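You will see subunit A twice below: alongside subunit B first, and alongside subunit C after that.
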Partner chain A sequence: MNLFLQQILNGLAIGSLYAIFALGYTLVFSILRVINFTHGALFALGAYATYLLTGSAVNPSGVLASLFSAFFGKPALPLALPFLVSLVLGACVAGLAGMLVERIAFKPLRDRGADPLLALVSSLGVSIVLVNLMQYLVGTEIYPFPDTVLGNLPRAINFGVPGKPVPVRTVQIVMFVVSMILVVLLTYFINATKTGKALRAVAEDTTTAYLLGINTDRLILLTFFLSGFLGGVAGTLVGLSVGINGPYFGIAYGLKGLAVIVLGGLGDIPGAVVGGFALGLAEAFVPAHYVAYKDAVAFALLFIVLLTRPQGLLGRAAVQKV
Partner chain B sequence: MGSFFNTYGFLLTSMVLAASLALSLYLPLMAGQLSLASPGFYALGGYIAAVLSTRYPAAGNTLFPLWRLLAEMLLAGLASGVLAVLVGVPALRLRGIYLALATIAFVEILRVLSLNLAITGGAVGIFGIPQPFSTQIGYLWIAGPLLLLSMLFTYRLERIRVGRAFVALREDELAADSMGISPTCYKVLAFTLGAVLAGVVGAISAHFLNTWNARQGTFDASISYLAFVLIGGSRTFVGPVVGGLVLTALPELLRALTGVSGLPPWLGQFLRDGRLIIYGALIAIGAVFFPQGLITPDLLSRWRKLQP
Partner chain C sequence: MSPLLELHNLHVSYGGIQALQSINLAVSAGEVVTLIGANGAGKTTTLRAISRLVQARTGSITYNGRDITRARPDEVVRLGIAQSPEGRRMLARQSVLDNLRLGAYTRRDRAGIEADVAQQFKRFPRLAERRTQLAGTLSGGEQQMLAIARALMSRPRLLLLDEPSLGLAPLVAREIFAIIDELRAAGVTILLVEQNAGLALQHATRGYVLEAGQLTIEGPAQALLNDERVRRAYLG
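After this line comes the complex of A and B, so read on.
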């Protein structure tokens, strides 16, 4: 029973993370009907930015180490911001990079009315640039966050009765709480503010929204900022939990994120949250004997959902218009 | 000339194999289906060749018999074809981005399986795959004719009923359906043709690379092949072939550039370590500025007119 409870808590923590990561994907998809393949790279970028802002040192294998040493006398930035501040600023860095991606990879194609599949390729190209640029700058080693990064919090918190402990790592609680705060804020923003309403109008029909006087271009930029921000937070939280496992680690999460948004229905915002939790819980309940196959769960689900309910778990079937 | 072939044998063969893989992605695209499944079939074909040739080694110290390589290629093609039909019939009801996602999932599932099964050697993979040729350039005797045959096949395909049905599906599926072209039948056919080619290329590559592991069929590979097709040009079979040849040679060209004297040291270092950055930038620039790819049907017909 305790094990069961623990699996559920683990599943909820990782599920909340999948949820915010997938929200970033689905926001862009809901507006532009294209998949932004740089999302995985922004995820890693946010993690590295946060890592640097906390004042942690970089490895000498990247170019950044020698640059920092030359300017600051040590292979780190000359500051040591608290973790939460770094998290927000690091996510902002990812958000700004997302806006840059929009301008480079998406806007030129959109202005010309090109095939949406081309945007997939151009964003992949930018993603390859970003990932390898990061590798050039910081190297490929694992960057674990220092133990002291969360201050004096204990490593694990007991959720059971004293005799029957259900320990949960503090990192996972941080993960869950931060993600849930973001989900709530985003839901409020989209449903209750004027900008959110405009965003929904653009998602419904870009041309009509534009004719009604909505500055669609600015809203698309905002969407990319939000998307990158969410990706950056997710990256930092994963980095906090298991270490930043090289610039390529974002790609694997990027692919899993695809499974999540398909589960929830492409472009469906509540669906992305449901899909995230569904995947997190499904992965948590893979029997220990088959744990090596855990990474296949996401893709098996993706495949099955696409074949049986391509509109996603929550969505309604789209009518194919001629 | 001889030393040139010896030095660049690996590169030349890689280029030819890459061009064939680009064609394997182009075939479903002819029918308008964006499938990224090629690396999955490529990996499958490679594993078939690797397992068969290491489990049943050739007698003596001689080169691996050529007929066995050909048999492995045949078997890899057959197995890929059967798997393609099994996967294709349900998956090809999906369109556009959904099909692309389903094929990404297919490749990832195969990758996780090959990482964990005993027969594929797990994460380590399979080593010491026997060599049918004494030099790497020798593989051109197999890879070259395969590429030429596939090109000839695709060239003919574009001009017969089946190929025209593919193009009709690409331009407008609904209209094609109402003209009596069965979308499912032709889509699965296009998908299967691509899969067979990818499987055969995989069987050659396993011997060529001497080792085979789960890194051969990954999402990264899907993307490279897609880049070959889209940068080369996705409207004629010449495009993917040119894309595959050029983009495979590109990293080596960039490496050669670093040797040019008079280059500032930082630029030299960037060209050496940052090759993939330039590669990615070229893919993005290509997609934005040359949406039709480098080789377009228009360009080909102009060339033809230039000739007397």
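After this line comes the complex of A and C, so read on.
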């Protein structure tokens, strides 16, 4: 029973994380009708940026280590920002990189009136460049966040009663709380602010958006920033939980994120959230013995859902956008 | 006095296909000018060129003494040109109220915007009743009213209307044209595109006839109504 509760709590934590990561895809997809394949790379980028901003040291196998040593006398940035500040700034780095991705991989094709599918290929290309660049800078070794990064919070928090402990790692709770805050903020932004409504207008009909005087290019840039920001936060939170497992670790999450948005029915906020929790909970119940097959669960689940409910878990017939 | 809007020798093509050729058209402040022509003549393309949704291949568009041939679509709205597009193009998943407020996207004066929303609701009481409904649930006539009201929310000096009567029952179409008369009386300058030439000419001051991408006839609306060629081709 205790194990069951623990698994649910862990599933909720990772599920909320999948949700915000998938929302990054959703935002771009709802406006441009194309998957941004750099999302996994931005996930890794956000994690590394946060790691560096906390003042943690990089491994000598990347060039960043020698650069930092030459300038700062140690293989780290000469600062040590608190974790939450680093998280936000690191996510901003991923967001700005997302804006760059839009300008390099998406806008030139859009301006030429190319098929949106082509941007899929160009973003895949930029993604490979980004991953290789990160590898060049920081190497491929795993970077665990130092134990001290959460200050003096306990390592685990007990959700059970005395005598029947249900310990959940503090990291998982941070993951859940931060993710849910972002889901709420994003929902509010999209549904209740002028800019959010304009964004929905662009998603629904770009021509109408133009006629209303909306500068769609600017809003598309904003969308890429928000998307990259969400990806960056997700990367950091995974890094905090299991360490930053090389620049490629974003790619595996990138595929899971795709599974999540397809599960959720492609395109709106509730869909991505439901898809995220579905995947997180499903994975949490993979027996420890088969943990190596966790990723296979994601795609088995996806396959089953697609066979039985091609329109996604929430079952909307037509594709909904943000 | 120079006209509010002037198209000079405008050419537009889609890919290799010429849609508009040597268009010279002017609209002066206070006028209701109508552009009539058969399906596919290039009426919508003309309005899309003015709203900067399609590029002019050659020629120029001048608005209020300013060259807007290469302006961005949102700049054109800021300068005072609004369009109610063909097919209404509602934001179907947003409420009537949000559609209206987005019409004022380029404005910053909150109080003025809310006052204008109230004014539109007074002008279109049926929209007021449905203010919280999603725009996609409105009838065709109501959607057309919302499209016009939404365009007016940017406080345009020039209103472009593309086929406002298309697909509407005659009674509803007449309601829409009554609104056009009202706007004209209020001093809004209008460029009206219509397939229903008779109705359009009855409510306009001047008219142009567009045939296969070229302007062929122009003159005061009354003269066009009596023009033999116009009568045969469009009023028959």
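Points worth noting:
Here is the rule we use: the second predicted complex is superposed on the first by the 314 of 322 C-alpha atoms of A that agree within 3 Å, B and C clash if a C-alpha of one lies under 4 Å from a C-alpha of the other, contacts with A are read in each partner's own complex, and residues count from 1 in each chain.
Just so we're on the same page, a contact is a pair of C-beta atoms (placed from the backbone, for glycine too) under 8 Å apart; a residue touches a chain by one contact, two chains touch by 3 or more.
Because the structure is predicted, anything quoted here is derived from the model rather than measured.
Partners subunit B and subunit C, brought together by superposition on subunit A, fit side by side with no clash. Our angle of interest has its tip at the CA centre of subunit A and reaches the CA centres of subunit B and subunit C; in the overlay it is 90°, to the nearest 10. Touch criterion met: A:Tyr210 reaches subunit C, while subunit B stays clear of it.
Touch criterion not met for A:Leu64: it reaches neither subunit B nor subunit C. In the superposition on chain A, contact of A:Ala292 is made with subunit B only, not with subunit C.
Using the contact criterion defined above for the overlaid structures, shared-chain residue A:Val138 touches neither subunit B nor subunit C, since it reaches no partner. Residue contacts after overlaying the shared chain place A:Ala201 against subunit C, while subunit B stays out of touching range. Greater residue coverage of subunit A by touch, when subunit B is weighed against subunit C, goes to B.
Remark: least CA distance from subunit B to subunit C after fitting both complexes onto chain A is 17 Å.
Common to the subunit B and subunit C interfaces on subunit A is no residue. For subunit B in complex with subunit A, the residues that touch the partner chain are 34, 90-91, 93-94, 96-98, 100-102, 104-106, 108-109, 112-113, 115-116, 174, 219-220, 223, 226-227, 230, 270, 273-274, 276-277, 279-288, 291. Looking at the complex, you find that subunit A touches subunit B at residues 34-35, 104-105, 108-109, 112, 114-133, 136, 251, 255, 258-259, 262, 266, 292-293, 295-296, 298-300, 302-303, 306-307, 310, 322. Residues 194, 197-198, 200-201, 204-205, 207-208, 210-216 of subunit A are the ones touching subunit C in the complex. The touching residues of subunit C, counted against subunit A in their complex, run 51-53, 72-74, 76-78, 82-83, 85, 89-94, 98, 101-103, 105-106, 150-151, 154.
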